[in-house]
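Going in written order, the chains are labelled A, B, C, D and E, and every chain counts its residues from 1.
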Amino acid sequence: MILVSMAAGFLLILMGLYGALTNRNILRMIVAFTIASTGVNLVLVSVGYLAGRTAPILDAAVPVADAAERIIDPVPQALVLTAIVIGLGITALMLAYAFKLYETKRTLDISKFTELKG
Amino acid sequence: MSPILIIAIGLGTAFLLAFLDNRLRATAYAITLVALAVMSWIAADWLFALSSGSTGPVEIFTAGTKPPFAINLRMGLAEAALTLLITVTGLLAAVFLKEPMMRLGRRSMAVLLIATMSFAGIVLTRDVFNLFVFFELAVISTGGLVLLSDDARALSAGFKYLIVSQVISILLLIGIIFLYHAGGSLNIDDLAAASAAGNSTVLLKSGALAFFLLFIALVAELKPFPANGWALDIYESAHPAFSAIFSAAAGAASLYAVDKALLIGGPAWLPVATAIGLSTFVAANVLALSQTSDRRLLGYSSVAQIGLVFAVIGQKDLLGDQYLFIAGGILLAHAVAKAGLYWLSGTLPERALTSWAELKHHPVLLFAFASFVAMLVGLPPFPGFYAKWQLAHALAADGRYLVLGLILLGALIEAGYLFRWFGYALKREAPAQQVDLSLHKIGVVLIAVAAGWGLGYLWGDLSGLGNVLTALPLLFALSFLALDWLPAKVKNAIAIAGLVAWFLVSYPGYDPLRLIFGVIILIGGAVILLASFETHGRRIGFYPSAMLMYAGLAMLIVAEDSFGFFAAWEILTLGSYFLILRGKKSEPHALSYIVFSLGGAFAILAGFAVAAQGTQPFALQGLADVSATFAPYVFILLAAGFMTKTAAIGLHIWLPGAHAEAETDVSPMVSGILLKAGLYGFFILLMTMGKTQFYGVELTYVLLWIGALSALLGNLMAIFQEDAKRLLAYSSIGQMGYALFGLALMNHLGWLMALMFVINHYVYKSMLFLSVGGIAKRTGTKLMYRMGGLITLMPLSFIAVLVGIIAMSGVPPLSGFGGRWIFYNAIMSSDARLPMVIIFLSGPIAFLYLFRLIHTIFLGQLKDEHRRLKEAPFWIVLPQMLFVAFLIGFAIFPGLALRRVDAYLGSFFPSHGLAWEGLTITSEYGYWSPVSIMIVVAVIFVVLLAWLVFLNHRAQKVKQFNIVFAAERPYRPETTHFAWNFFAPYRKALGFLTEPLVTRFWGGITGTLHGTADLTRRFYTGDGQVYAFHFVGFVVIVYLLSMGVRP
Amino acid sequence: MTFEWMKIPFALLTLFIVVNYGLLLTALMQKIAARVGGRYGIPIYQNYIDLLKNYALRSAITHGFMFYLGPVFRLTGGVGLLLFVPTIYGSAMFSNMSFAGDLILALYFIFFGSLGMALGAGESGHPYSAIGVSRGLSQVTMAELPLALAVFAIAVQYQTLSITEIVAAQQGGFLHWTLFTNPLAVIAAMLSFLGSMMRPPFDVVLAPQEIPIGPPTEYHSAYLALMQTNRVIFPIAKIVIFMNLFFGGASNWPVFFVKVFAIYMVSVLVGVVFPRFRVEQSIRWFMVWAVPIGIAAILIV
Amino acid sequence: MEAFVKPGEKNRLKERPERPVKQELQPRVVKTPDGQEITVEPLKDYYCEAPPRVHPPAYAKIVEDLFNWARAESLWILGFGTGCGAIEMRPLMTPRFDAYRYGIQWRPTPRQANLFVISGYLSVKTLKRAIRSYEQMQNPKYVVGLGSCTINGGMYWDSYNTIKRLDRYLPVDLYITGCMPRPEALLAGFLELKKIIKAGKGEGANRYAENFDWYKANQKQVIHDWDMPDYSW
Amino acid sequence: MKDLTDRLGTLFSLGDITEKRDDLAFVSVAPDLLRAVITHLRDVEGFTHLVLLTAVDWIEGGQFQLTYLVHNRTRARDIGLRVFIDREEATMAGIHDLWPTAATYQRELKEMFGIDFPGSPRIDEEFILEGWTDIPPYRRDFDTKKYAEETYFHRPGRETFDPATHMKDKLYPGEAS
């Protein structure tokens, strides 16, 4: 199960990277990056997952005392949350850029934005 | 105050700004500035506390628990310094960004705060994931700040940046999570401890890959070659104030992040760091060569400098407790200079490198520019200089010659394009544009300058080798910066007084050898400076440069250890560069001068480093004890370095232009005095190391050949020059060849002859340069064939040249003959016969160009436009007359100067000395009586002259066209003056020897470098996707290589 | 060796002898050359007449200060060279002013006259003078090289730079002459000698008809007379050096006369047979023939 | 000698219109390196304007006799062939005639020559050069006219472009007749010249200086574009 | 030679044709045709060498005759082109662009005959005569004897003979002339 999700995560990452590096359309690139970061998140979660344990939420069901034995590692979960937030921020920024880029040249082809080079 | 406040204030203020009414921009701006100032103050406070030792490094635990359960920050010395750098850069950038921020409102300010905060966070945090978070914050804020630019292209640059950042963050996250998986912690120190303890999971299998991903992602933030196209676009198009942050703050933060990460990876990863760093350093510098936009060039330079620091990080295992000093020195110098340059570029509206020419109307800004360039190149007294010195010594001591070599090569290329740029600023035609002289912008630049000098002082203090900035001569020279508003005549008087005073103060400490050099440099320098009384106005920039050179020279001859010697060497090089650059058409020549000189200086640095083998300070006397393994290499490196200064053949191509195009009073300084620095170096080298074998080849024998060839080819090239000053310049190559030859003879008289050349060459070359300079001033040309017949109009100049050429050609009875006499006696006791053939040939050839000089200028036909010329100005003639008097006096009484030196040299070479009895000087082989020669010649001359006057006293004085002209009459002086291509038959016979092979060789090398740069530039297509590909490819290649070399 | 007042009359005597001998010798050489061409040639005393005539010319012009001094430099060079070299071996008095310096002084003093002459000729403003000087200087650089090599070779051979000691080392039979102890050096030096005598094939400097007569084109009257005086002293002074270095010196005047004559003859004999070289040709000739011999000479001593 | 020349003899020839001075000899304005404008007057600035001087013989007769003997025995001829007679001069250098025996030799520059042999007809154009060369020789100096062309124009007597009487333009010491005189005649002439010189009568240079104005007027009569100073030093 | 003049005749309208020898002929050409003919001769017929350019003063006819003699090196033959121009308005188009040497001939003709060749290099500079102010000396209306008498000093006592009678008298003194 862990392996499956991890494999799925890596697959998504590769798909995302492939998509981002081969699609010339800026929006498609952004989507591809979103896919890749989903994959990253999946990998993150699956690394922290321990079979047979519960979510790291300390409540009545999981008392503090035996938390260490019953919950999965909370750190990756926390990381994922942060990563999602940050990913969202960056995606938003990229979309804003995409909009502005489109405004300047009326195209979304990344290879058209090469005024700076060398 | 807790360091966490730096982050908290940054974040908090950014949030606060969000609530502020968008109309209250001034308030928002003030709040931003205050917040940044407070952040800076906290960092400064910590830095002060930590460096004064009143407190030690502290760990801050954010959630009250220890890692791994909570994020912790650390504030140590390095962190404090870097945080201060980051926050101050942020603050100054905010000041600089006043207009765009006021225009765009509070959001831009918030983004700037976030950026500053996140860079500080990257430095402070000890948690890898936290590192990721700060990096992402940095990315987002960078993405925002890029848009501050007026440049429309910034938009696409920002997007490219985001694309690559996405890839980086994917790698980073995966790396982090697997590292966590393997090491069970996100805390860097825990992970490092685990990996150091050999905890199997950390650096094996997936752990290794995980670390690699983390590492490579962080390395990517350093913009390594070639995965850095995106960053360069940012550098080029972003607002310069932001580029300053991007280069200084972001660069420093990323470096520190990598440094931290390497704690986890351990020493095994250091070679990878070295390799990436070095290749980036060299390649980025090569690429920078062919840039035409100032900001992109600075971008490449930033990439290169960060690569250099990364390479230094790669030497961490070696550097020990000097690590921070070296890496910090280079990094801070880079950060200050680069930020300063970006800010400076922010005051200029145009982007071409040549458009910086506008700066020449603003001496203060020009000084700032010069300071920044010197800082980047690592010249004294800036931190990079000390750092490079220590780094070279550490590398050489450990035998990492390749690293050392590549670093020096890269630094030389960097110096090349930076000084070329500086040359543009000073010499090119300024486009019609206005420098933005807003107080806050200039203020920011000046703060950077002050910071640079302050750091220089600090690093000098920390180096433990002696602070260059406390040397009296240097301070005297720098004080002219402050005095530059005075009239030139006043400054000249001060300068002369300073030179003489310093001589009076210091001469009791000189041995006879140093005394001769001391007299030439200080008293001789003062005499030449008399000619500078001729100039009017304020002559901005001349005195600081000239006195910098003199300071370097004065420090050179008193230097006791290698560091002092090298520092003095660099100072005199820098001073003379500025001096040479002042000439009207000297831009390319000054550039080749500085490049060759720095190349030579680096050779000297390497030589000293190899010789010292880690010993610091290394006394110059210690060269005598260098072990036989290293001795030949040390000898070669030092000799090569000194030869760039004496312009030995092969390394001479900078000299003619540099000397010929310099100003009238500068030419004698750089020719008569500056060249002696190289000879002094040779004296030191040969005095200590003596004869040295290299694979069975006697190195002094090689020097003998080089000296002989320099003498021959220098002279030969001189005779084909049409430009009088160029002729003299080539002749200097020949003369220095003679002196080198004498030294390399390695016997008593050879050295005495070299010393005699030192004296004579100073006198007659200064005299001739002044004379020719005075004439060029009057005639408005340096081309000899456009002069002619000036003898009656400029009799004093003529006498100076006449005496000069008699002395120089070695014709008795003037002092040049003494040199020749000693020379013949010297070679009598030498075994090297073949190079003498060449020396024998070059002697008469000197006669050729000297005659040409005097003939085509003073004799022959006077030109129409020169009919009313006056004698050269008094102040230019005065030193010449002093020299004439000296030459005649020295010819009669050479003993006054030479006797003591002769005795002194006897302590090195006991045999073959001279006997000074009465009027006659006797050697083992022959004898020479200067007074008798003078008297006999004078008596014969006077008698014959009287006889001729008796016969011919009624001779009719005729004019220039009263010549027999095959029964015709001349039409114009121009067509009657035989001057152009004077030695045409000689060119037919021996002209093939003057084919500019050497020039072509060096031209080929620079051509290849530029060609490589142009070719490599094509990889930077400008397409963001391609850049992402580059990055991925880079990752793969580094992975394969690093895994391949590691177990 | 030091200065004594007695040396002055002896120096003047030397000068007198050499001037007279030189006048006759030069005329004799011209006669010999004429005979080779089938002519009778000038009277043996013709040089005296020419000299007297030129001194006796009534008018003169001057182009300026250096023009005036040029011949003075020239003759000072000749007289000085003669006096700086010991003329008669073993005679303290006829060693003249040689206490002032050794062989090196003599070698470098050769240039003194040329320099002054070149300057004087330059101030005349005549392009041919400058062309002549250019040619002369060009040629002399390469012609001097074999001589310098030869001199160095024998200085090393005898381990001294003092002319007197070099002559002393050659005493005791003609087989002790450098000519026989170091023939290569002598050959090199004699080839160089040809180049310095302004006779064919190395007389392109003067090149009458082409650039009238090169440097002295503008000189006349007493100036020319001074130069003519030098023209008889200077070659002999140079030959004296050669004689002392290579041919055992002369211990009395008759030997002196014979040896000087013989050495002078060499250049005359060559001169009457060969046509003129251009400058670059003579430079190449010296490089190909004379210099290698000179190099061989310094390599084998 | 007076038979040849009557200085002061009135010019009875047709006056010719004056020609303006050549462009290249007119004053011109030149800009100096420091920006001033100065006027260059070629004739004044390039050439010495002094008239020739009469140089008296040495004060003691015996000395002058000695000098004259030396001058006579050392005739240095200027190598300037003006007409077909030049071809008759060459054989003098050959073994057949060997003029060197008599102290005669050729000099390539007027400065060093003291005998000017006008070897044949003189066109007006050549006359100008001959005068210039003559004036550049040093006192004492001698002129020998060779062949009938120099005496009365010879076969060119009615030519529009050659002068007919050399002695009106230069102080001739001796004429050698013939058309052309052979080398033997030349040698005989030179020996005759020696006698003249030794007799102290070879004072052509002083005669020229004394009657400079007359000579100059005659010269200018035929040389219409007088583009040199009056005396070529 | 005939073939050549025939060929020329078909191309240009020629004037008199005089064949002096097998390898020398003279052809009269109108002034404005000269350039065409001579260019044709040079470029097509191989007459690459301009031997001379001279003039004859036909004062009686009020004309100058210009003769352009050109030479064919490969066939070793010459052809002379005669051009008659008006003596009063003596002006002719130059051929110095075809043969640079022609400029010198033209300069000489300008000086000696006063025939102008507008545009020819240095045409107005003096050539042989320096400072000549009279009419050009080769014009037949120029009286050289009178000029010489007026201009140059003559030595009195000179006798002149007609060479023919003089020799006859000398060789055959008895015969009456």
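Here, a contact is a pair of C-beta atoms (placed from the backbone, for glycine too) under 8 Å apart; a residue touches a chain by one contact, two chains touch by 3 or more.
These numbers were taken from a predicted model, which means no experiment stands behind them.
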Select the chain whose centre, defined as the mean of its C-alpha atoms, is least distant from the mean of all protein C-alpha atoms. B
Comparing centres built from CA atoms, which chain ends up most distant from chain A? D
Most remote chain, CA-based centroid, reference being chain B: E
For the chain pairs B-C and D-E, which is connected through the larger number of C-beta pairs in contact? B-C
Rounded Å distance, chain A centre to chain E centre (Cα mean): 105
Using mean C-alpha positions as chain centres, tell me how far chain B is from chain C in Å, no decimals. 53
Report the inter-centroid distance (CA atoms only) between chain B and chain E in whole Å. 77
Centre distance in Å when chain C and chain D are each reduced to the mean of their C-alpha atoms: 37
Within chain B, the set of residues that touch 2 or more other chains is 956-958, 960-962, 964
Taking each residue of chain C in turn, which ones touch at least two of the other chains? 59-61, 212, 217-218, 221
Contacts with 2+ other chains: residues of chain E: none
Complete list of chain pairs which touch one another: A-B, B-C, B-D, C-D, D-E
Chain B residues touching chain C in their complex are 789, 791-792, 795, 802, 805-806, 809-812, 817, 820-821, 824-825, 827-828, 833-834, 836-837, 840-841, 843-845, 847-848, 851, 854-855, 858-861, 920, 923, 925-929, 932-933, 936-937, 940-941, 944-945, 947-948, 951-952, 954-958, 960-966, 976-979, 982-986, 988-990
Which part of chain B faces chain A closely enough to touch in the complex? 68, 129, 132-133, 136-137, 139-140, 143-144, 152-153, 155-160, 162-163, 165-167, 169-170, 173-174, 176-178, 180-181, 186, 229, 232-233, 236-237, 290-291, 296, 1017-1018, 1020-1025, 1028-1029, 1032
In the complex with chain B, residue positions of chain C that touch it: 3, 55, 59-66, 68-69, 71-73, 75-76, 79-80, 83-84, 97, 99-105, 108-109, 111-112, 115, 118-119, 122-128, 130-131, 133-135, 137-138, 140-142, 144-145, 148-149, 152, 155-156, 159-162, 212, 217-218, 221-223, 225-226, 278-280, 283-284, 291, 294-295, 298-299
Give the list of chain A residues in touch with chain B in this complex. 13, 16-17, 20-21, 24, 26, 29, 33, 36-37, 40, 43-44, 47-48, 75-76, 79, 82-83, 86, 89-90, 93-94, 97-98, 100-101, 104, 110-111, 113-118
Residues of chain D that touch chain B when the two form their complex: 24, 28, 30-34, 36, 38, 40, 42, 45-48, 50, 53, 80, 109-111, 129-130, 132-133, 136, 227-228, 232-233
